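Next up, some structures in structure tokens.
Heads up, the next two complexes both have subunit A, just with different partners, subunit B and then subunit C.
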Partner chain A sequence: METVTITMKNPPVLYLEAEHVCPDEFAGKTAAQIAELHVYEGNTKSTLGKYFEVSGNAGATAAETKIVVKGDVKRVKYLGMKMSAGEVVVEGSTDLYAGAWMSGGKMTVKGDIQAFAATGMKGGELIIEGNAGNYLGAAYRGDWRGMSGGKILVKGNAGSDVGMYMTGGEMVINGDVDVHLATHAEGGKIIVKGNAPSKVAGQMVEGDIIIFGTIDVMMPGFKYVDDVDLEIEGTTAKFAHYIGDTGERHKKRKGQMVYGNLYQKI
Partner chain B sequence: MTKTVTDVVCPFCGTLCDDLEVAVTDDGKQILDVYNACAIGAEKFLHSQAKDRITRPRFQQPDGTWKETSYDEAADYTAKMLAGAKKPLMYGWSSTNCEAQSMGHEIAEMCGACVDNTAAVCHGTTLIAVQDIGLPTCTLGEVKNRADTIIFWGCNPCHAHPRHMSRYSIFPRGFFTGKGHKSRKLVVVDPRVTDTAKMADIHLQVTQGQDYELLNAFRVAFKGEWLPDVVAGIPKEKIIEAANIMKAGRFGIIFFGMGVTQSLGKNHNIDEAIAVTKDLNEYTKFSIMPMRGHYNVTGSGEVLAWQFGYPYSVDLTRGFPRYNPGDTSSIDLLTRGEIDAAFVIGSDPGAHFPISAVKKIAQVNSVCIDPHITPTSGVSKLHVPVAFVGVETGGNAYRMDNVPIDCRKVVEPPEGMLTDEEFLTMVRDRVKKLKGVA
Partner chain C sequence: MAEYIIKNGFVFDPVQGIKGDKSDVAIKDGKIVSDVSKSAKVIDAAGKTVMAGAVEIHAHIAGPKVNLGRIYRPEDKLFTCTATKGIERTGSGNSIPSTFKTGYEYAKMGYTTAMEAAMPPMFSRHVHEEIRDTPIIDEGAFPVFGNNWFVMEYLKNNEVENTAAYIAWLLRATKGYAVKVVNPGGTEAWGWGLNCLSIHDPVPYFDITPAEIVKGLIEANEYLGLPHSMHIHPNNLGNPGCYQTTLDTLNLADGYKAKNKFGREQVMHITHMQFHSYGGENWGNFESKATEIMNFVNSHKNLTMDTGNVTLDETTTMTADGPFEHHLTGLNHLKWANCDVELETAAGVVPYIYSPDIKVCAIQWSIGLELALLAKDPMRCFITTDHPNAGPFTRYPRVFKWLMSEKARNERLNTFKNADKVIAASTLGSIDREITLYELAQMTRAGPAKSLGLANICGGLKPGMDADVAVYDFNPDKPLADPEMIETAFSRAAFVFKSGVQVVTHGDIVNTGHKRTLWVDAKVKDNPQVMRDIKEKFLKYYSMTQANYEALGHHFVPNPFALEVDATQA
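== the complex of A and B ==
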């Protein structure tokens, strides 16, 4: 695997839209060619090389390319967008849409990420060592298909609207989440090791949510069924099992109504 | 002698009353009195007659004083500011006509600007929800003639849309509602005991920030599923009683306002309220309608959607329209420091945005187009006063139910004053030259 390192040397005054910082775009290019890829600051088009120092050539394909992003990229959007293979490592924190629509490969952010990360994610792995923002793994505005595959790990906390319209894949959040976890979810699995304040799984059709901490206000559409023993990520514990959202539409499978499952640790 | 102008349209709130009568002097230069309007609407007409009104553009000097300038110089400054910026924000649009909005969008497209209207802090969340699950709605005429179950959720029309209840929702005797308010059931959902709530048959005093839970409880109640004893501060029995009233009517409507669109849950509250409306159509006919605030905020959404495909928070910086509130919405753009010029028209973000966002307007180059002196004009580098739309110039506006109504010109503006559209045309022509567009 070849490594391309890009280091911020000229931070933008406004915000930078750098959707080409992605193994698929870098593949087969030399450092000089990568520096020529375009970026936008507002309505002004320029090159990646104007803001970043680029060193190292990319591999022949995306799968053979690793990108390391160094320096302050807190004002850079779209890092790793639409990546299908290879690896992206962001050494600090980054802005909106990190790993949005990614379908493969691995992206690691060592700091925090802002909203809309992993929007419409289809596959691959996203690891956030700090905190995540709102709309993690959610659908793009107006779309009814959020995250549909892949894995997300957040070592810190996440914001609101996490997993909105999620249809598949798995998400683990080691800290707390804000309101509207998995609203409209139609599949997938979310594990929250911390707390969720309220509006958990509203309008949920299908899928699994596991909360280790507290839920301040439970949705009225969630009905207690029974207590179950579950093994989650190596921890075995007793969970209260709720089904819902009973106000929402649900499919029947083999004559049985299919509900969303919410498990809360007792 | 005086003359009376009839069928005047009121340019204040989204109810857009079209039955006002205004007495003016024979020379058509001064308004003497306004009839049929509510207190707020009448004040809008009479206020335009103020003797101390600003009638020429003015630049703010570094010491905070103002220096008068010409419309030509003001248009030069505005065009240079917008054409030279990397990411200008063009915000407001809700208190001007559709013609001016359309002209402004032409400028925005040439300059690669972000265009946003007051829905960003108002019913923008409604528009997100509508895009997510659709909107079963109707016109206010249908409400007047058919509706027998009225729900006001998180809104207070007694004070915010004063003639809404007398013209459309509660009191009028329509074709199938001959008994007026006696034939209508009124349900109000509000954490406060407002004047609207005092008129209600049922007032559900919901816990603040738990509208989403209560709406969800209604959907559960319609399906006859298990409910907790108390939801959002309302006992289960009362929720079921209200659910039965909704189901029993012949034609129902939910009107909703800022209480649900801008409290915790935001777009999800409206999403769930629309789902409640959808569910109720299993039993009877039900509609839902946002109580739009500014008289032409609906029009701004219509014109933006017609021209760019999205109703607010449109980002044109890359030459094609993009839309994602949270990224392209005004407050986020301002507080995150994403923009380098601010252009405000027909709105007052200085009074309604968080202080961190207002500070940003004060830091960058800024133009405020507004007939009044406002907190926004106070922090702007250039203030361009214009004629009042609906009083001193006509133009098209959209009522809250998306019905377009042509406003009427009642009096002449003070001598030499331009309208929004005229000033924006001057700016558009200058931007064309600066950008080298034929």
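== the complex of A and C ==
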């Protein structure tokens, strides 16, 4: 695997849209060619090389390309967007839409990540060592196709509206989440090791949510079924099992009504 | 104004019967002329196809329901934004492009005239503001009449003359072009939670049937002698077995003859026929009835139609057929928007994905092509996608490819996931007809222009007509190596002239021309009763005053072009 390192040298005044910082775009290019890829600062089109120092050539394919992003990229959006293979490591914190629509490969953010990370994610792995913002693994505005595959790990906390319209894949959040977890979910699995304040899984029709901490206010559309023993990531514990959202339409599979499952540790 | 001479192209013009002869087209002062001076600018069209600018007879491109689609589908804009380029402004959207993008995309494909197919009269100001902001192409809008309280009350008592007077008033108030009918009676019934699925289902409260509405509006349309005929989206759209309702509707035109000074011969235009040609009793045994439908259309000269081809894309359905959209959201569970327009109509919007992996979608695709290929008279069957309902209008070049190349459509047909079942459900696989360039010019130019009553104005290259000309990088003399060449050539015209102004050069917009709003100014005898009824309805029922209703003046219609009819002696 070849490594390309891009280091922020000339920070933008406005936010920078850098959707080409992606193994698929870098693949087969030299450092000089990568520096020529375009970015937008506001409505002004310029090149990646204007802001970043680029060193190292990319591999022949995305799978053979690793990108390391150094320096302050808190004002850079779309890092790793639409990546299908390879690796992206962001050494600091980054802005909106990191790893959005990614379908493969691995992306690691060592700092925090802002909203809409992994929007519409289809596959691959996203690891956030700090905190995640709102709408993690959610659907794009207006869309009904949220995260459908892949894995997300957040070592810190996550914001509101995490997993909105999620249809598949798995998400683990070691800390707390804010309101509106998994609204409209139609599949997938979300594990929250910390607390969820309220409005958990509203309008969810399918999928699994596991909360280790507290839920301040349970949605009225969720119905308690029974207590179950579950082994989640190496921890075995007793969980209260709820199904819902009973206010929504639900599919039938093999004659059985399919519901969203919400498990809360007792 | 500048003079041009488009030299040595292969010209296809059904108006003059020119079938690909190598000849020149001369332009002066916005019109086609027989000769120009030596100083005329020469456009080299050697090895290229030359046709009149295309005419769109039915698309949803301006107004509140289109805008509702834009507002509630931000995901349609995702990755479809275009940056400014030369004189082109930014645009966005795929199935519901912004107004500027709409004008540019039509022009780039060689379309120079387009009709907005359903204008809610009460929101005509919004429609005209969007038309104004859609550059280049001439546009008209069809106000909807099929669920209008005035129309239903007059026709219940057989008052054709009053209906005609009301139509004339409304066309003038809304700057409308034609009489559009959507699910006659059914949309009003939707206000009561019901629908009219056959032409004999009575409308609640009004106690009139769709059949009576349709016949009455044909009579009123011919009483006025409007340029276009009554333009109908029949009842029972999109349901298995709906073809029977369609045949019943077509039968209603029996015995009527066109009466107008514009050269129009039909009394009824049936739109997006694909959605109305379904057999079977459910989605399991869903099948094509295109043969039955086309046998009827082919043998009845007082009908014209357009296809409504499914393009197999993700799109946004939108129609004044409110109950149908509610039915559709129940089928696909995607978001639904609904709107009621007081005394006049309603509308619904639902996104839809025509997936090639779904049997029904693939059969719908087959039916659209089958209809066009079974049409005996290309001057009466026009190509549309009912944009955006069956697919975005930007897919026309792809539809042309499927119609013009048996190879291209068989490649598509044979690679559907459920190919065997899809092939068995229609006759498409057994049709070897390939639409010729001349027939294409009939189905996209001369035909729709004649049906709209614009035969002397556009859709042809006869001296005296508007200089709307499209030149395509397509050499009909060379054997077609790859059907993709059809799609490529018709996607981006080499040159397009709109009223004598060169608007497109090598696929780029170079001028936004002098876009016009087409409307129909119908004069009728003074009718105090209808004027009093209008005043009374505004006072009693409308949520706006009559003074705020009309689309008047430069803000709404900056460059009007009125077609005049005089029915005072009728």
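We take it that the second predicted complex is superposed on the first by the 266 of 266 C-alpha atoms of A that agree within 3 Å, B and C clash if a C-alpha of one lies under 4 Å from a C-alpha of the other, contacts with A are read in each partner's own complex, and residues count from 1 in each chain.
Criterion: a contact is a pair of C-beta atoms (placed from the backbone, for glycine too) under 8 Å apart; a residue touches a chain by one contact, two chains touch by 3 or more.
This one's a predicted model, so the numbers in the text were calculated from it and none came from an experiment.
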| item | value |
| --- | --- |
| Partner chain(s) touched by A:179 [first = subunit B, second = subunit C, both, neither] | first |
| Which superposed partner A:217 touches (first subunit B, second subunit C, both, neither) | first |
| First, second, both or neither for A:234, with subunit B first and subunit C second | neither |
| Partner chain in contact with A:141 - subunit B first, subunit C second, else both or neither | both |
| First (subunit B), second (subunit C), both or neither touched by A:255 | neither |
| Dominant toucher of subunit A (residue count), subunit B or subunit C | B |
| Contact residues of subunit A, present in both the subunit B and the subunit C interface | 140-142, 144 |
| Complex interface listing, subunit B residues touching subunit A | 85-87, 111-113, 128, 131-132, 210, 212-213, 216-220, 222-223, 225-228, 231, 264-265, 268, 271-272, 275, 279, 316-319, 323-327, 336-340 |
| Complex contacts: residues of subunit A adjacent to subunit C | 139-144, 249 |
| Touch list for subunit C against partner subunit A, complex | 72-76, 78, 333-335 |
| Subunit A residues touching subunit B - in the complex, by the definition given at the top | 13-15, 17, 40-44, 77, 96-97, 115-116, 134-135, 140-142, 144, 179-180, 183-184, 198-199, 202-203, 217-221, 223, 245-248 |
